[in-house]
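Labels run A, B and C following the written order; every chain starts at residue 1.
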Amino acid sequence: MIIRLFLHLALLLLFAPLLQGVITRTKALFAGRVGAPLLQPYYDLARLWRKGFVFSRTTTWVFLAGPLVGLVVPLLASLLIPFGALPAPISFEGDLVLFVYLFALSRFFTVAAALDTGSSFEGMGAAREVTFSCLAEPTLLFALLVLARLSDGLSLGTLLGSHLLPAWHSDAGASLGLILVSLFLVLLVENSRIPFDDPNTHLELTMIHEVMILDHSGPALGMILYGAALKMMVMGALLVRLALPWQTGWWLSDALLFLAGLTGLAVLIGVIESIMARLRLPRVPQVLVGTMLLSIFALVLVLR
Amino acid sequence: MLLLLILFPLAVALLALLLPWYQARSWLLPVSGALHLLMAGVTVAGPGHAPSPWIALDALSSLVLIVTSLLYFGCAVYAVGYLDLRRDRGNKTIVPCLLVFLSAMTLAIAARHLGLLWMAVEATTLASAPLIYYNRNRLSIEATWKYLLLCSVGIALALLGILFIAYAALAGGGMPATLQLDTLLAGATQLSRPWLHAGYVFLLVGFGTKMGLAPLHSWKPDAYGEAPGMVGALLAGGLTSVAFLAILRAVQLMTAAGDGAMARQALLGMGLLSLLIAAIFMVRQPDIKRLLAYSSVEHMGILAIGVGIGGLATFGAMLHLVNNALTKGCLFLSAGNIQRAYDSKRLSKVHGALATLPISGSIFLAGFLAITGSPPFGLFMSEFTILRGIFGSGQTWIGLLMVLLLAMVFIGMGATVLTATQGEPVKLESAYKDNFLLVISPLLFLLLVLLLGVYLPEPLQNALREAAALLEVQL
Amino acid sequence: MLELTNPLLLAVILINFYTLGSARLVACVRVVALQGALLALLPLLSHGFTFHAMVLAAEAFCFKGVVIPWLLLRAIHRVRIRREMEPIVGFVPTLILGVLTTVGAFLFADLLPLAPEHHDGMFVPTALATMFSGFLLLITRRKAITQILGYLMLENGIFIFAVLLSAAMPFMVEAGILLDLLVGVFVMGIVVNQISREFSTLNTERLTALKE
């Protein structure tokens, strides 16, 4: 049990920033550049940790609470979700609801921290972020409902258990395909990737997520970046397990399969960032509603 | 012989595309019309051949074939004179389209396979769209677009209805899925009822759109209003009869399956609604062609009521089919003449037609008297027969309602027609003159209707009776 | 063969959703073409590789997948419009309506008295759903070309239902139906062109001169 916990946390903490590096490298290769080294995010985190804080005089304790919660929540959430075939350290009935709302908690604190600075840019970004997440959350819940219907349980461990492989080959395979696509779009929205948000933009008026963290500096910024990487890995874990439902029995090969799946996911995100442009802001709610309807349809197919 | 009847207009259409002379193209129409009428007469009167599963003539289709062919011949003769007047528009499209239209109508009349029937009716929609667009102005585009879209969607629903009927054969067990009419009629009692009823409803809606029964009639005033006179005559007299034939096939099927009463109720309801809507919209109608369109809706309603009541009224409906087609031909052609002369069809410009155009004006006036059911014209006899049937079957309230609505129609239509024909004669600006080709057809149609009102020849009576018998309950 | 028809029919439904929510005319035409091409495979997958099925499939692919979209794209090119306007109900409400009617179609199809071999299949619900989506497009959109696309989708839905009954539909009749569809779209394309020339727009809400 303790070993499992350590393995889980080790995988999470060590591997998460590498995903960011893979995405950046993929984009660079697509653009014909060599790009930053794969371990660049680790160097960035180390550099930020060494610097000092700069706080604005208008902020309160909420301003620091945002990054802290943003770091702790993915850690907690990762304990609930199985990494590939490695079972989750903590598992109980209904933990999928906790999973979804832990992220809601972190979003709340991020938004509160952004509003705390009193800057109008950050308020604007906060409003956009909350709207989009509002529309993405039902999709996530419907997708989890589909999985719950297929597995007859309400714990993430049961949902992503060993019945997934035969489920893909049966009639429910179509629904699983649909929710895989919906979950991927939810991943892109929650992690502020193209086509919903451009992580490389430097124009504040076009930012959604980056603008909320504009005022942070030093270790707080490091916490935010690390937290974002952890969040991507945890949400990616859900997708990878759904897409690669195989398991061997040996922990090492399962872990390697999981990491390979995550790397593949990162490459996919990098490719999408390179070939697509960002959606116009009014289109984003339309696409999100479409995704939600897709997941509802998948649910109907499974309920039939 | 029947196959030749369907294919030869297509061959003439091809010829029309290749001929470079304007007049020659126009004359192709009456020549082919005459040949078609001759061949149709021979086929109908001649000995019946072995019925093929695809095309064959029974009593109903023989009747509609003769009527349609006659109407087409008359309109084709008119067309020569009309196209001579409209040289600015050219006839490279209208002549082939008219011929393809004839071929498609003949195919629809003779079809014994429901899928073939559908195909032919859709082909008539497509062939008639360029005809409506002949005048190429804003209003005709609007009319053509509405016609094309509404009729295509309606006919798509009819296709769904046909598929439901095939499914009724499949789901009923005992017979394979088929759309051949004779097979379906023979095994009708084995058809699955819910699918048959659903199919009937969709067929009624789909072909009812084509026929112009309310509430699916909204394209009619626009299309008939903007199309040239002879196109209006063909649509109102010929195409509606063909669409009605398609609906009658569905009624035949329902009757053979034992659910004839339900089928008739639906028809009766739609017929009454059509009559009501036509009566309402004909009051204070300022456009003479739209008036005629609503008159067409009214008469389709009367046909539906006739078949809906059954018995003697069905015989009346068959007679009415013949009379209506001929009278509509007469009315539309003379209205077309009036429009050409006044360069307008609205009452603000058109009045005093009796004085300025003695022949066309009086034909129009006489046609109005005929279409509203005045004796001694034929429509009086057919409407009277239908009313006798209604009162005979005990549905007094429906009969009274029908009489009231017919009176309303008479008043409404009369107001418009009398304003157009009487009143202060206007100095005509166009160079239009009534000539032989333009008036002979409407005049002959009118005389035929007058004849039918006074004397019903024995062979025609037998034909009508046989046609009505096909629709009656075979208990 | 049934396992292959289900993903195909699912793709057809997804294409319905895309067309209901999209404003880009060229993309919509291409996607409806894809739907037609997918439907052309349906007779092959459900009835095996008989001569009848193969000819029907080839014909449907040619007409629905190639020629009709080409006609429509040519009409769009001549008329020089690229985007649909906001529909009468709005894109997102239309999409929601489309999904609701699809769900309704699935529920309704379970209640229908189908022949035993068609129960629990996806044919009938997909046919109903596609027909509803076609109707929605016809009713709620303003540009004439999208209305034609709605008509095509309606015909696609009817085609799915017809595949169930291919014993009843001899080859000649199906050929005739497809030919009618082709000529229909051709004529509609011409009329659309004329509308655009006369009115300088394809907004059918302008076609309101004829009244009463």
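In the analysis below, a contact is a pair of C-beta atoms (placed from the backbone, for glycine too) under 8 Å apart; a residue touches a chain by one contact, two chains touch by 3 or more.
This structure is a prediction, so every number in the text was calculated from the model and none was measured.
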Chain nearest the global centroid, as defined over all protein CA atoms shown: C
Most distant chain from chain B by Cα centroid: A
Where chain A and chain C are represented by their mean Cα positions, the distance between them in whole Å: 38
CA centroid of chain A to CA centroid of chain B, Å: 67
Distance from the mean Cα position of chain C to that of chain B, given in whole angstrom: 31
Multi-chain contact sites of chain B, meaning residues that touch two or more partners: none
For the chain B and chain C complex, residues of the former touching the latter: 113, 115-116, 118-119, 122-123, 125-126, 129-130, 133, 136-139, 141-146, 148-149, 152-153, 156, 159-160, 163, 166-167, 169-171, 176-179, 192, 194-195, 221-222, 225-226, 281, 285, 290
Sites on chain C touched by chain B in the complex: 113-115, 131, 138, 144, 147, 151, 154-155, 158, 161-162, 164-165, 167-170, 173-174, 176-177, 180, 183-184, 187-188, 191, 194-195, 198-199, 204, 207-210, 212
Touching residues (chain side chain C, partner chain A) in the complex: 6-7, 10, 13-14, 17, 21, 91-92, 95-96, 99, 102-103, 106, 110
Residue numbers on chain A that touch chain C, as the complex places them: 171, 174, 178, 285-286, 289-290, 293-294, 296-297, 300-301, 304
